[in-house]
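There's a structure below that I have some questions on.
Residue numbering begins at 1 within each chain, and the chains themselves are lettered A, B, C, D, E and F in the order written.
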Amino acid sequence: MRIRVLREPAERERRVALVPRGASTLSDVGHDVVVTAGAGTAAGFPDEAYEGAGAVVTADPGPADLVLAVGPVTVDDVGDTGVVLAFLDPLGSPGEMRRFAEAGITALAMELVPRTTLAQSMDALSSQATAAGYEAALLAASRLPRFMPMLMTAAGTIPPARVLVLGAGVAGLQAIATARRLGAVVSGYDIRPAAKEQVESLGAKFVGGPVAETAETSGGYAGEVDEETRRRQQEALAEAVADSDVVITTAQVPGRAAPRLVSREMVERMKPGALVVDLAASTGGNCELTVPGETVDHRGVSIVGPLDLPSRTAGHASDMYSRNVVSLLGHLTDDEGALVVDPDAEVAASGGVTEDGELVYDRVRAALEDDA
Amino acid sequence: MRIRVLREPAERERRVALVPRGASTLSDVGHDVVVTAGAGTAAGFPDEAYEGAGAVVTADPGPADLVLAVGPVTVDDVGDTGVVLAFLDPLGSPGEMRRFAEAGITALAMELVPRTTLAQSMDALSSQATAAGYEAALLAASRLPRFMPMLMTAAGTIPPARVLVLGAGVAGLQAIATARRLGAVVSGYDIRPAAKEQVESLGAKFVGGPVAETAETSGGYAGEVDEETRRRQQEALAEAVADSDVVITTAQVPGRAAPRLVSREMVERMKPGALVVDLAASTGGNCELTVPGETVDHRGVSIVGPLDLPSRTAGHASDMYSRNVVSLLGHLTDDEGALVVDPDAEVAASGGVTEDGELVYDRVRAALEDDA
Amino acid sequence: MSDAARDLVYLAAAAAFIIGLKRLGSPRTARSGNLIASTGMLVAVVVTLLDLEIIEWWALVAGLVVGGAVGVLLALRVQMTSMPQLVAAFNGFGGAASALVAGAEFIRLEQVELPVETILTMILSVVIGSITLTGSFVAFAKLQGLVSGSPVTYPGMRFVNGALAVGAVGLVVWAQATQEPLAFWLAGGSALLLGILVVNPIGGADMPVVIALLNSLSGLAAAMTGFVITNSALIISGALVGASGLILTKLMTEAMNRSLSNVLFGAFGGGDSGGGSAAETGDATSTSADDVAIALAYASRVVVVPGYGLAVAQAQHALRELMTELEARGVEVAYGIHPVAGRMPGHMNVLLAEADVPYDQLLDLDQTNNLLPRTDVVLVVGANDVVNPSARDDAASPIYGMPILEVDKAATVVVIKRSLSPGFAGIDNPLFYLDRTKMLFADAKKAMTDLVSALETV
Amino acid sequence: MSDAARDLVYLAAAAAFIIGLKRLGSPRTARSGNLIASTGMLVAVVVTLLDLEIIEWWALVAGLVVGGAVGVLLALRVQMTSMPQLVAAFNGFGGAASALVAGAEFIRLEQVELPVETILTMILSVVIGSITLTGSFVAFAKLQGLVSGSPVTYPGMRFVNGALAVGAVGLVVWAQATQEPLAFWLAGGSALLLGILVVNPIGGADMPVVIALLNSLSGLAAAMTGFVITNSALIISGALVGASGLILTKLMTEAMNRSLSNVLFGAFGGGDSGGGSAAETGDATSTSADDVAIALAYASRVVVVPGYGLAVAQAQHALRELMTELEARGVEVAYGIHPVAGRMPGHMNVLLAEADVPYDQLLDLDQTNNLLPRTDVVLVVGANDVVNPSARDDAASPIYGMPILEVDKAATVVVIKRSLSPGFAGIDNPLFYLDRTKMLFADAKKAMTDLVSALETV
Amino acid sequence: MSSLLIVGITVFVLASFIGFEVITKVPPTLHTPLMSGSNAISGITLVGAVIAATAGGDVLATVFGFLAVTTATINVVGGFLVTDRMLGMFRRPKRPDEEAS
Amino acid sequence: MSSLLIVGITVFVLASFIGFEVITKVPPTLHTPLMSGSNAISGITLVGAVIAATAGGDVLATVFGFLAVTTATINVVGGFLVTDRMLGMFRRPKRPDEEAS
């Protein structure tokens, strides 16, 4: 099978979908790996490294059976191929999905790989969220015009920074762990009841607030919450936010706009010099004032909406993504190395968006019909 | 006494010499504190806060008995005053010191306050180095395209980053502590024999290398080392540097150019994506490739020579500096609140550079005579 | 040989028993303690023979030969797993011996008018010895599976036992007052019956405690025999065993979280496979911190597999402490980290870094699986899914195919968690029911603290 | 009252002594143990009186009244600091009593031909009692300062003592063989002398060990008296005290890191102010982990002052563990952080954060100094300059004027470091020589581990 | 009551105290061996059995004596042997610091 | 040797065993009180003293008896009292979990 590794089209994207080690694994099992020149440079993997791993590096790679990318990518980006595997954001851009279907390209979305115990090695959402959570905490620490840890020095006692993490999924938990490592006093909050124990298992405090038994959908995701819960949430969080030096928000609901957790009023009650880091910026942000990709200063409080967090640790993030991809391909290929997308096998079924020129993912179809 | 707080002239300087809490302490003991408008804004202390603390905020503060600044400042910056207290870099700019003497201004250099147990509360070198060391480690962590801590995940095992800190003074130790907090494997090195125990007291490894009993001068500073020691040092460090993902250098010798510890060859043996953070950039740098204030990329290795590290945590750095200043003034004023620069009292004697229109600091005089 | 010299030798033998018994209480000295005690026994028997005016030879020689042969045979042939029942049988023989000696003395002195205290101790010796005899053999039969190990009860059981006990006491009083042989033998007979009836209702799982108690009784019987024949060696050793047996019984009930009256009169107990000192929960074998501490201390390599439970209990510092202690004792330790242990990538790394565990002790999946077959004890601390063998063995399992830490390859598996409830994946874990697996049911932090203090006494 | 009944009561009294002694070994039960033992004593004396055929009244009554009055007076009046010498004096009286009883018996039976063993035990009783008497009073005099507490030696001392001992043994043999009064009394006299000569060369600091040993001897004397008057109460209690006294002596020498022969024949010892069980280093009082553990366990507030030594020893985890244990026991704990403790700003914060000490337990200089006067025990762990009172009191000190943690305001100060050597500033620390300061000389990590295990036995 | 009895009681009580004291905290793994060892000690009744078997007189008494010797010997010999077998499992690995000496 | 002596020796040995066992690990703070308490117990010789003082006969013996009663009483009464005084210092703060019950 001819596998092409894309040079990422997005401007700030520094990651690469396959690292040289992954390329060599795939070559070893008989695939032809073709890498667009310069694809890995930004992540610290020079073209020579790919060549050393048995891949062909070329500026114009031509047609392929499978295109690998981090994403998101369009039909134009992938060119002539049978299958594309990337973060495709199918729910965010259903139109693009239809275009894949029309072009006869089977689209596999990394974000649709199920979040089960079994599939964890293919779970790129988790691996990239790990990087994002870690970088979010570091970003907060270096942007903050104060120390994170407590320091009792001859020049006075510096109290520890208070960090509040809203949304304790993979990224949130990693942010909690990293901020705790730096010595901050950390609390966390999530709508899912199971999150309390998980937050506390990292030595952080759980902020009392509404949790909804029903909030956890199958697969561990949170669902959307009703208006009443939202109101009680805001009340409960208002104090905690005002007391914090750093608020890191990571709350997401798959396929929906990010829940609005931090309002303008809440920001206004924060101390000057305080910081909000919004990891949900790409889906609209958990903070009312977030501008995706930019830093807003509101009455002395900075609201950062970074879009490139995993790219900030591009080397390891690509490494993990690449392993996820290789592991997934291991599941999707048969003994001869041909790709078999079997809609009944759980892993593939949930990853597939289009197949044989058809949209097979209900929610995308639904989204398109809504539009129409 | 009329005390003026300067708005720092240096471009990237975000600190302020006196924070509102310090201003209120000084007002309370009867001083008139005048603050140049906007002096504290960048550090997170708005003008109103100073007014609330009993200070007068004005755009054109006029003459004063004492000028406070972080520094460095010139005769022109301070205007009409009897005494100036700041980091004056007397050994780096002896000419400016002569100009202070000629202008009849008593110049007190913060860096000349002795580093004794007793004087620690006035020791601004220590407090600012604390901020610098902390920020250096954070800078390294966020610049590094990889994780600091070890992570064993479903997407592979990520080994911990290796951090090497050269020069284990105040900043070096703080950098060690911060990098350890983040989970890196840290080693340290210093020429002073006492540093080994101190490095190990933070749980880090001491890199075997030459230590020189004679290297420690009175006051705990390192002296210059001879050529032979330098050669052995380079040999011993070459391996350690090559193995490291991050090298943070902090070696300084007061009044001299920073010792050259990391050569071009050593950098070239480092892995692509590795990082050198040189805290000695302002005195020429410990790394051959350092360009002060800039980031150089040399064959995939970044060499960062930041000049504004304490300013990155401007709020707390200013807070600590301000306490140092207030504490020093407490020592230098008599019961009526008048400044008494007694050349015999240890603290003042070592802080004073010029007095009654004379240069009183031997080494500055010597430097000037060398020039002449 | 003078009586005085003989008595001093008896005293020395008794001292040997005391020292031997003390040394039996600690793993390091137990073997030498047994040797000392047995030497004391040899000396006591030899000095008795030397001192004796022997009128009849045959009974002595025949008894020694037959008894010795049977004893050696049983001791060497029986399988390790049948130890508890063997001890029960030996104990029964000991009780029988005491009863027989007192009986023989009674017969011999039938015509002599005896002082009250002599008759009393004789009867007590016979009664206690008889209860020990039959009680022990019922225990033996239950453990050996000759009769059902489950508690056997019937309506009115307590009443019958009570009546029998009262009857036996009445017979003792009667015999003691009149030196009437009928009463004497009836008392003995009812004691035999009582032994059966009291032990029969008790379940197999509780048998070890019952044997310990019967052991204490057999000591008491020997002491009573000592009163009968006025022999201080018997009195001292008998009292020693009687008292220490009681303490041991108490220790054993405590280890099982039971009370003695609960065992004796509760008439309930676990299933029919009660072996050793381990209590049962379902089919999983539970164990105690003390036992785990011994296993750890005597291992040469220990691998820890931490999981989400370690994080929930925030037991990382205590775990580190335990491992440091083991290292100081020369045990090789390592931590086997499964990539998805915990609830976020790197969860275990965060915890263990906080506790300052050296990075080079952290092994990843493959390294750990290479090491496990050469590992003496693997300590699974609050992990579950990541050590679930059905991911490897059971194609029907929802996690089939996930790589796991194959802890079942290690010689002994100790799992520390609070219950048998499942982990994140919500599926049952066959590991818990393996023979080589011992469950230590406790909060992970508490377990660690207990293990550290238990280790000090090993 | 029958002899049998009396003997049974004696047995009960002996049992009370055993139980009492056992309970005296643990702080929680010690007081009740003393009560039980004294009740046993009362019972034993009363039953003796009831059983007695009293021929002479006056000696009994006078003795009880005088002895009782003196005993009460001494016990209640003497200052707590003089306890060791008081115990020595009481012990001397006990030895005297045993010797006197045996002497009286000898006089009474002078005309009767006695069996060898009776004379032997009589002489042993007199000899051991006499050594105890004079030895104890020399110890008393040394501790009380009546004679110099420093070791008194002279050339040929060992030879003289040896000769005297051989002579005494000769006299014993002679008296025992002939029942010759002269030999009997001479043996007693030489024992009196021997007591003086053996104890005199030993230094004051070692006296507590000597008293423990003499206590064991006085038990032995009582046991011998028991043989003389064939009284099992005396034999049992005497043997009990004799044996437990030996163990106690061993424990005490171990606590001082000495060996017994070293104490008895080394003829060296600390200065002349040896009090309690504390060894001396210069003028600073050193202490043991066991004692510190008790002080901590019985405190209601403990403040820890960490310093550079904590970092060097990397003892932060162990320290945290100790404090957690104390908290679990209901002790309030806090950490007093001096701004310049360690070698870099925030050094202590780094360590304590690593060990996960809750931030709200970290107090800064002022908070700590406010709390210290209301603190029972302050534990200074590897800190030195930051707790140096000369910064406050001594205008000539190079660090005069630096704010310090005023740990000398707390009730008890425990300083943990390896030696008396100075810290960073290179100046001596008068804190170490205060009365309320106890030095625990050890590596900080080792000390913490020791304290944790010591705490378990409290 | 005879003084012999009193002596017996005294000895009995003292030995019981020793029995109570001598065993304190025993790890559960040692429970069975300890029970087995102390059970073997209670076979001291063999001394009585020997006397009963050799004293002559009534044949029934001698038969009783024979049985007593047999059972007691089983108890003693078997008990000590089996205890030793059980304790065979306690062999500790050499510590690094022990290997030196 | 008389059997009384043998009995005495037996009792002595057993009691010594108890003495050795009964004291194991005692914290140093308790060393002095423990010594004092066990010293008071050795004042049991008072029982002998009482007998010696009341048996009559030789006056010297009675005088010895008087002295013996006096010294033994000091030892016993003073010893127990002073031990109690020393132990007065062990009063522990109530634990939070104890206060409930």
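Please note the rule applied: contacts are C-beta pairs under 8 Å (C-beta built on N, C-alpha and C of every residue); 3 or more make two chains touch, one makes a residue touch a chain.
Since we're looking at a predicted model, the values are computed, not measured.
Asker: What chains touch chain A and also chain D?
Answerer: Chains in contact with chain A as well as chain D: B, C.
Asker: Same or different for chain C and chain D, where same means more than half of the interface numbers show up on both copies?
Answerer: Because over half of the interface numbers appear in both copies, chain D and chain C meet with the same residues.
Asker: What is the distance, in whole Å, between the centres of chain A and chain E, each centre taken as the mean of its C-alpha atoms?
Answerer: 72
Asker: How many angstrom between the C-alpha centroids of chain C and chain A?
Answerer: Roughly 57 Å, centre to centre.
Asker: In angstrom, rounded to a whole number, how far apart do the mean CA points of chain B and chain C lie?
Answerer: Taking the mean C-alpha position of each chain, the two centres sit 69 Å apart.
Asker: If you average the Cα atoms of chain A and of chain B to get two centres, how far apart are those centres in Å?
Answerer: Roughly 39 Å, centre to centre.
Asker: Among the residues of chain C, which ones contact at least 2 other chains?
Answerer: 14, 18, 22, 232, 236, 339-340, 345-346, 350, 353-354, 356
Asker: Show the residues in chain A shared as contacts by 2 or more other chains, in ascending order.
Answerer: 120-121, 126-127, 130, 149, 151, 153-156, 158, 181, 183, 203
Asker: Hunt down the residues of chain E that sit against at least two other chains at once, touch-wise.
Answerer: Within chain E, the residues that touch at least two other chains are 1-2, 5, 10-11, 13-15, 17-18, 21-22, 24.
Asker: How is the touch graph of the chains shaped: line, ring, star, complete or other?
Answerer: Other.
Asker: Using the contact rule from the top, write out all pairs of chains that touch.
Answerer: Every pair of chains in contact is listed here: A-B, A-C, A-D, B-C, B-D, C-D, C-E, C-F, D-E, D-F, E-F.
Asker: What residues of chain D sit close enough to touch chain C in their complex?
Answerer: Touching chain C from chain D are residues 317-318, 320-321, 354-356, 453, 456.
Asker: Under the touch definition given earlier, write down the residues of chain F that touch chain E in their complex.
Answerer: Those in contact with chain E are residues 7, 10-11, 14-15, 17-18, 21-22, 24.
Asker: Going by the contact rule set out above, which residues of chain D touch chain F in the complex?
Answerer: 13-14, 17-18, 20-22, 24-28, 30-31, 33-35, 37-38, 41, 44-45, 48-49, 52-60, 62-64, 66-68, 70-72, 74-76, 78, 80, 83-84, 86-87, 90-91, 93-94, 96-98, 100-101, 103-105, 107-108, 110, 115, 117, 208, 211-212, 215, 218-219, 221-223, 225-248, 251-252, 255, 276-277, 288, 290-291, 293-295, 297-300, 329-331, 454, 457-458
Asker: Contact residues on chain F for chain D in the complex?
Answerer: Those residues of chain F that touch chain D are 1-2, 4-5, 8, 11-20, 22-58, 60-88, 90-98.
Asker: Given the complex with chain D, which residues does chain E contribute to the contact?
Answerer: These residues of chain E touch chain D: 1-3, 5-6, 9-10, 13-14, 17, 21.
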